[in-house]
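Presented below is the structure to which this report refers.
Per-chain residue numbering starts at 1, and chain names A, B, C, D, E and F are given in the order in which the chains are listed.
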Amino acid sequence: MGGITTFGETMVRLSPSPGERIETADALDFRTAGAESNVAIAAARLGADATWISKLPDSPLGRRVAGDVRRHGVDPAVTWSDEGRQGTYYIERGSEPRGTNVIYDRADAAVTSMTASEAPTDAVESADVFFTTGITPALSETLRETTADLLETASTTAFDLNYRGKLWSPERARETLETLLPNVGLLFVPERDARTVLGAEGSAEAIGADLRDRFDCEAVVVTRGSDGALASTGAGVVEQDAFAAETVDPIGTGDAFVGAFLSRYVRDASVATALEWGAAAASLKRTIEGDHAVITEGEVADVVAADGTDIDR
Amino acid sequence: MGGITTFGETMVRLSPSPGERIETADALDFRTAGAESNVAIAAARLGADATWISKLPDSPLGRRVAGDVRRHGVDPAVTWSDEGRQGTYYIERGSEPRGTNVIYDRADAAVTSMTASEAPTDAVESADVFFTTGITPALSETLRETTADLLETASTTAFDLNYRGKLWSPERARETLETLLPNVGLLFVPERDARTVLGAEGSAEAIGADLRDRFDCEAVVVTRGSDGALASTGAGVVEQDAFAAETVDPIGTGDAFVGAFLSRYVRDASVATALEWGAAAASLKRTIEGDHAVITEGEVADVVAADGTDIDR
Amino acid sequence: MGGITTFGETMVRLSPSPGERIETADALDFRTAGAESNVAIAAARLGADATWISKLPDSPLGRRVAGDVRRHGVDPAVTWSDEGRQGTYYIERGSEPRGTNVIYDRADAAVTSMTASEAPTDAVESADVFFTTGITPALSETLRETTADLLETASTTAFDLNYRGKLWSPERARETLETLLPNVGLLFVPERDARTVLGAEGSAEAIGADLRDRFDCEAVVVTRGSDGALASTGAGVVEQDAFAAETVDPIGTGDAFVGAFLSRYVRDASVATALEWGAAAASLKRTIEGDHAVITEGEVADVVAADGTDIDR
Amino acid sequence: MGGITTFGETMVRLSPSPGERIETADALDFRTAGAESNVAIAAARLGADATWISKLPDSPLGRRVAGDVRRHGVDPAVTWSDEGRQGTYYIERGSEPRGTNVIYDRADAAVTSMTASEAPTDAVESADVFFTTGITPALSETLRETTADLLETASTTAFDLNYRGKLWSPERARETLETLLPNVGLLFVPERDARTVLGAEGSAEAIGADLRDRFDCEAVVVTRGSDGALASTGAGVVEQDAFAAETVDPIGTGDAFVGAFLSRYVRDASVATALEWGAAAASLKRTIEGDHAVITEGEVADVVAADGTDIDR
Amino acid sequence: MGGITTFGETMVRLSPSPGERIETADALDFRTAGAESNVAIAAARLGADATWISKLPDSPLGRRVAGDVRRHGVDPAVTWSDEGRQGTYYIERGSEPRGTNVIYDRADAAVTSMTASEAPTDAVESADVFFTTGITPALSETLRETTADLLETASTTAFDLNYRGKLWSPERARETLETLLPNVGLLFVPERDARTVLGAEGSAEAIGADLRDRFDCEAVVVTRGSDGALASTGAGVVEQDAFAAETVDPIGTGDAFVGAFLSRYVRDASVATALEWGAAAASLKRTIEGDHAVITEGEVADVVAADGTDIDR
Amino acid sequence: MGGITTFGETMVRLSPSPGERIETADALDFRTAGAESNVAIAAARLGADATWISKLPDSPLGRRVAGDVRRHGVDPAVTWSDEGRQGTYYIERGSEPRGTNVIYDRADAAVTSMTASEAPTDAVESADVFFTTGITPALSETLRETTADLLETASTTAFDLNYRGKLWSPERARETLETLLPNVGLLFVPERDARTVLGAEGSAEAIGADLRDRFDCEAVVVTRGSDGALASTGAGVVEQDAFAAETVDPIGTGDAFVGAFLSRYVRDASVATALEWGAAAASLKRTIEGDHAVITEGEVADVVAADGTDIDR
C-alpha cells in the first residue's frame, strides 16, 4: 500500500465574505477543512498516495466531507456512523486590528468516539508514514487513546503539534503529548507551541535539538511563520527561509507545509528539498481561499525555482 | 406589559439554493428560524407587542439570532450563556419526487438547559397570551419542566402541537403533551399530528371537539394545510379555507398562521377574523424565502379582501 | 435616416431576487428599463434601425442607461443634463397571492424638464415611425407639451396608451390623451386601459373600431394579455392569439410586443405578420429576466413557426 | 476489478442563471458534464465500482474535470495530453416557448485523438460491463475506431444511442452505429432516436424487439421520456412508468437512468428492478442542478417505495 | 429614559463590488446608512440605550431603514410619512488614483419636511445626550429650523460638524452653523472642516481651544484621521493616537468614533477613555463592510488593550 | 468618417474570483476582452470616434462580444460567420508567489480565417489612425496576411507589439514583425518585448531611437510598466512617469494606455499630452475589474491634474 496515511477530524467550514460579519451576513462560504485531511490533500496533489482515516456521520454533511477529500485524490477511509455530529467551524476573517476569529462548533462530533479498532489496520501499518496532529487527542478521551494506539501500530510516524488554545490548556496538552511523542519519528512543531506547551527554551535551533533529544525523534521541524523553518536531524540542522507571499487566506498554511514536506519525504528526497517544498507550498496556499492547497507540482517547482511571473500569457 | 410572549429555541438556518445539494454547494443561505420566534415576528409585524424568551450562546451566532428577531420588532428577552451551542438546522429544498430534507444539528443548544427561573417572570405573567410549541419540551428534560412551569405561570396560554418526528416518537410526545395541554387555553394542532400523536379520530370537526373536551381548552384550532383550518370553540365551529398560493418556500407557513391569528386574537377580534388573518398570512408567507413572514398588515388585508393584482404600478 | 425613433424616460431598475423582500434583501439586481427604450431595443434586435430620444443626468447612472440602450443596437440621442435626477424604480416580484409590487422613485428626473427643442429634430421628422407612450406625458407638464409637439412634428406616429395608475388618475389621463391621440396614426391600447381611461365599451373589436373612429387613427391594436391581440384597420380586423409562455419575468412583455410589431411594420409587412411577430416576441420576453427582449429574429421566427423544442443539442 | 467502466468525453459546462442570456449575463455557472461520466457517477453513487476512461488536456480545466468525477467516487482513468482542447458546452436554459439551447464548443478536444492503445486494457476487459454512447464515435474518426476497438475488447457491453443532431446527420450516425451495435449486449435507445436514426417503426415494444433482433442484443431498453421505458429481453418485455417529477434541470436525466440501471444490473438484479431504479434516479436527477445525479441509494429506494414526503423534519 | 438620542436622515446605500463600476455592474450591495443612525448603532452596540429620531416614507424602503436600525438595538422613533422620498446614495469604491465616489440622490427625502413638533419631545428632553450633525441642517430650510429647535430643547447636546461639500458651500455652512453651535455642549469637528468651514487656524490644539471659546462648548474634539484626535476641555487637552487599521471600507469611521465616544461619555467615563474607545471603534469599523460598526464591547476592549491576534483558535 | 479604427480578435474572458481556482470554482466571471477592442473602447470613452473590425461566430457568444463593444460607444464592424469558434481565455488571478495565469482557448476562432476583403475598406482607409497589435498576425497565417494588407491600405497606422509567448516564439514573431513594421507610423512597444523579440539593446531611449530608425516610424513609444513610458519622435524624446495605482486588475492596462494616447493623438494633442493621458488612463484601469477602461474624460483629467481625493461626498 505505502504512501501517506493521516488520521483526524475534518470539519465543515462556514465563513462570511471578508469584511462581512456573522451577525449580518446573508450567505456563508461553505467548505470543509481539517488539519490531517489538509495534509493528505497537499501530499496527494503533489504526487503522493494518500489515505485519510476518520469517522463521519452518515449524512449529507458527512458525505460532503468525504467527497471534498476524494476530489483532490485522497482515499477517504471513513467509518460511517449514525451517532455523533458533523464537526463545524465558523471563521470570520479580520484585518488589523480585528483578528481573524475561529468559532468551533465541534463538540460531540462522530469522530470523537472513534476507536483504533474502527481504523483500517492495513492503511496504518503499511503506510510509508502515518501522520496525525495534536488536535486529534485534544478532541476526546477516546481519541487520545486511539491516537496513542495508532502511533504505536504504525511503523513510521509523523506528528504536527498544532496546539489549539480553544481546545485545551497548555498544561493538559503537555501531559498528553508527553505520552504520545515518544512514538513519533518526525515531529513538526511551531516554535511558539514548543515554548508554550512543551516548555522549550532558547533559539529555534536549540528547541529542535532539545525536542529531538527529549522524545528521541528522528527529526524535528520547527516552523517559524514568516521566519521560515528549521529541521534538526541526526545529520545536523537545515534551515529554510519562508517564501514571500501576498496572503489571501492564511488558514491551512501550516498543513500545506507539512503535506508538501511529506510528499518529498516519502520519495526519499533530502530534508533540504522537503523543507523547500514545504515552504513553497505554504506560500502558494496563502494565495488561495479555503484550507486546501489547491496547487500542482509544477507550481511548487516554479516557486522553488523562483520562477514566478506577474502574468503568464 | 401585555402583548404576546413566546418561548422556545431559535436556530441558525443554512440552506443551499433550490436545486443544489449540500454535498456539492459552495455557499449556503444563512438565516435564522424557530417556531416560537417565527410566531412572534409574524405577530409583531402585524401590529402586536411581542416578546420572545430564550437562551442563547454569547457568541456571534447567538447575537445574530437576537438581531434578526429584533429587526422585525420583537423584543428578545434572552439569557446569554457561556455554555451550550447555537442550535442549527440545514435544509435542502426538494421538488417532487425529492422531498425537502431538514437536517437538525441542535443537540446541546444553550436553550436546552434553560430553567423557568431564567425566564423574565413579568413577560410571562403579564402577557396577553403566552405561547410555545410542542418542539420546546421535546428538546430536553429541563425544557420539558420549564415549559410546564411557564404554562402554569402564565394566565392566558396558547400552544401549537408542532410534532417533529426527528425529535421524539409519537408515544413519548403524547406522554409529555398530555401533562402540558391541561394548562393550555388555545390549542393549535395540525390534523395529522392530532391523529398520530394524540390518537384523535374522525373528522377535523370531531377532532377539534374531542381535544377541546379532553384538555379543557377554550378553543382548538385544527390546521389542515391546503384544506384550510377549523376552530372549535364554546360558541361552535368556525371554518376557514386556505388562500391559494404559489409556493416559494413552505417552511414557516404554520408559524405565520399562528402569529397572525394571535395578532388579531389579542385585539379581541372574532375567531373568524383571526382565522382569516391566519390563513392570509400563511399564504403570503409561502411566497417568501426563509421562515419569517416578512409581511405587512396592508398585505394581509389585501389578501383577505381578495385584492391581489398581478403587477401594481 | 428612417427607422424607428422612440421618446421617453428610462429608469434604473432595482430588484431583490424573487422570494426576497426589500426589507431584508442584501443585494439588488441592477438593470435599466423604460417603455420607449424597451420598444426601441426590441425593434433594433429584430433588425430595425432604432433611435431613442431622452434626457439624462450626466452621472454614472445616466451613462449606465445610455450604455445599456446602445448595447442592444439602439442609438441613444441623449441630452445630458446637470440638473434633475436619474429616475428609478424598485420591483419586488411576487407570486400568488402577493402581487408584484413596483415602487416608483422617478419624481424630478432630468427628463421631466425636456423640451421639444432639446430633441434632435431630424430623428423625429425623418423617422419611419415616431413612437412614445402614455407614460411620458404623465411625468410632467413640460413632458406633456413636448409629447404634443413631437407628435405634431413627426410624419408617422405610433403610441402605446400604457396607463399607469401610480402616475395619474384615469380622468387626468383621459383629458391629456384626448388632446394627443388625434395626432397618432397607430395606437396600441390594452383593452383594460381602453375601458378605464378612454371609456370604451363593448367587445375588443368594438373598442378597436370605436377608437379608430374617435381619434381618426390609421390602425388601433387592442392588446388583451393571454387573450391575444386584435388590430382594427381600414381593411378590417385581424386577430392574433397569444403564444403560450412559462413566465420568468412579465415586465416588458407589452413593450416587446410593440417593438416587434414596429420592426415588421417599418418593413411594410402585413398587419397579420406584425401582430404575429408582436405576439411571439412577447411570449419570448416572458422567459427572460429584466425588461429587455434579449431575443433574435431567428428565435421569433421559430416561435411563429411553432418550432420550439425542449432542448436543442 | 469488475464494476462498470465507461468511456467518453467530459466537457466543461457553462450556463447563465435560468432567465438570463449569454448575451448579457455577468457570471456563468461552472460545472462539468459528459454522458459517459454522468453514467459512471450515477452508478458509483448508487454503490457500484465505476471507472471512467478518457483523455484530457493537462491544464486546470482538465484537472477540474477529473476532480469532479473523482469527487463522486468514480476512478478517472485519464490519459493526460499536451495537445487538444478541453471540450466545452454552454447551456441557456429556456422555458416555453424558448427551448433550452446547447452551444457546443467541443471541436478538437484532447479526447478526439484518443486511440484504443491509450485506454487501460484491464479496465475494459475485466469490467462487469463496459459502457459508451453514440456521442463518442460522432466526435472524430479516431474515436469511431477507438469505440469500435473497445467494444470488441470488452466482454460485456452496454451502449446508449444518444443521438445528437448538432454532431452528425441521422444518415452518418446510422452508418457508423450499424457497425458498432453488433458488438453491443445491452442497448439503451430513446424511442425518437430509434425512429430517426435507425429507422425503426411501430410501437415501442416493436422497436425493442426489432433492434434486439437486428443487432443481436441481449436486451434493448427503449426510453420514452415521460412515457416511461420498456426493456425487450429474451424473457419478454418489461415496462416501467416514469415517476412524476417537478423539473429543475432536465439535462442528464437519461444518464441517471442508465447509471442507476447499470448499478443494479451488475448486481444481477432483475430487469424490472433495474428499470425501476433507472426511472427513480431519472426523476430525482430532474430536481437537481447540473448534469450529475447527486443522489443516494436511500433516496432512490424511497422513490421506488413511493415514500416521498413534502418536508421531512 | 436617558441614553443617547440622535436625529437625522438615514439613506439607502447602493454600491457595486469594489473594482466594479455603476456603468457596468449587474448587482448592487444594498445597505442603509446615515451619520446619526450610525452613531446610535455604534453606541447601542457598545452598551448604551440609544434612540434615533427621523421621518421615513411609509414604504418597503422606509421600513428597511427602520429594521436595520432596530436590528442593532437602537429604538427608531420614526414619523411615517406618505410624502417625500427615501433618501439614497450610491457609492463606487475606488483605489488610488481613483477616489471613492459618493453620488447622493437624497433631494426631497421625507425627512426634509420634518418639524420639531413631529419629534418625540420626551426622547429629546430626557436624553443623557442629544446628538445630530452638520448634515441635517444642510438638507432643507425646515431641517435647519428643526435642528435649531431640538438643540435648544435638549439639555445636553453633542454635534459632529461633518461638512459635506456636495450639500452646501463652506460659506452657507458657516452661516448656519454659527447659529447652531452656541447650543452645542460637545462638539466633534474634523480638523479640515474646522479650517474650511469655521475658518479656524493654527494647530489642532489651537483649533480646539478657539472653537471651545468661540461657541462656549463644554468640550471640543478635533478629529484628525490617521493622526488621531484631541479633546479640548476645561480641564485641558487630551490627545489620542489613531489605532493602525487595514481598511476594508472607510465609510462610517467617524461615526463609529463618535458613537463609541458617547457610549463611554454617558457612563461618565473620563475623556481619555472616551477618546480611546472612539479611536478603537473607528479602527475596527475600517475592517467591516458598510457604514455600521458591527462590533462588540469585547472587541473594542481588546483593541484598547492591544490584544489583537492574527488568528484566534 | 475619420476616428480610430482597430482590427483584431476579441475573446470571451472567464475567471474565478481572486483566490479561487479553476479546479474548484463554482462560477466564473464572464466578460469579453481583446487588445484591439480594448483600445477602441478606451478611445471611444475618452471622446474619439472608434470602430472595431473583426469576424465573429453568429452565436450568442459572438453577439455578446459585439454588444459589449457597442455598449462603450465603439462601432463593431463585424463579419458574421457560420464557421470558426468564439475565441476564449480563462484567467486565474494570482498573488505573490503565484503568478496570474492566462489559459488561452482561442485556436480556430472565426477571426483566424478573416481576409482583407472581409474588412470594410472605408473604415480602414478613411480612419485618422488604423491600429492593430502583434497578437493578430500571430493567430493564423491568414491573419498575418490580412494584417499586412490592412496596414498597407491604411494611410495612418499605429501598432502595439504586444508579444505573447503562448502564441509564438520570439524568432517567429520577429520574422513576421519585421515585414509589418515598415508600414507602421506609430509604434508602441513594451521595453521587454523590444529586447526579447526585436533584439533592441541599451536604454529605453536608445531602444526608441533604434526602432524608429530601423522601421522608419514617425514615433516609437516605449512602455516600461511602473517605470513609465517614453516617446521617441523626430522632435526628440518625451518622458512620462507612471501614475501610482493600487491595482485591482492589471489586465488591459497597456490597452488603456494606447487607447487614451490615441484619443488625444487624433485630436492633434502634443505627444506629451498624449503620453500623460495614456499614463493616467492606465493607472485608472488598474483600479477596475476586467480588461475594459470603464473611465471618463473627467476622471483622466483629474488624475492628470493630480486631483484625486479619498472620498468625494
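Just so it is clear, a contact is a pair of C-beta atoms (placed from the backbone, for glycine too) under 8 Å apart; a residue touches a chain by one contact, two chains touch by 3 or more.
For clarity, every value in this text was computed on a predicted model and none was experimentally measured.
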item: Partner chains shared by chain B and chain F (touch criterion as defined above); value: A, C, D, E
item: Per Cα centroids, the chain farthest from chain B; value: F
item: Same or different contact residues where chain C meets its copy chain B, judged by the half mark; value: different
item: Counterpart interface for A-F, drawn from B-E, D-F or B-C and sharing over half of its contact pairs; value: B-C
item: Mean-CA-position distance for chain F and chain C (Å); value: 39
item: Centre-to-centre distance between chain B and chain A (centres being mean Cα positions), rounded to whole Å; value: 44
item: Distance between chain centroids, defined by C-alpha means - chain D, chain E (Å); value: 62
item: Where chain F touches two or more other chains, by residue; value: 21, 23-24, 26-27, 63, 67, 71, 101
item: Residue ranges of chain C touching chain D (in the complex, touch as defined); value: 71, 243-249, 280, 283-284, 287-290, 292, 294, 299, 303, 308-313
item: For the chain D and chain A complex, residues of the former touching the latter; value: 63, 67-68, 70-73, 296
item: Complex contacts: residues of chain F adjacent to chain D; value: 14, 16, 21-31, 59-61, 63-64, 67, 85-86, 88, 90, 92, 101, 103, 105, 107-108
item: Interfacial residue positions of chain B with respect to chain D in the complex; value: 17-21, 23-24, 94-102, 104, 164-166, 250-251
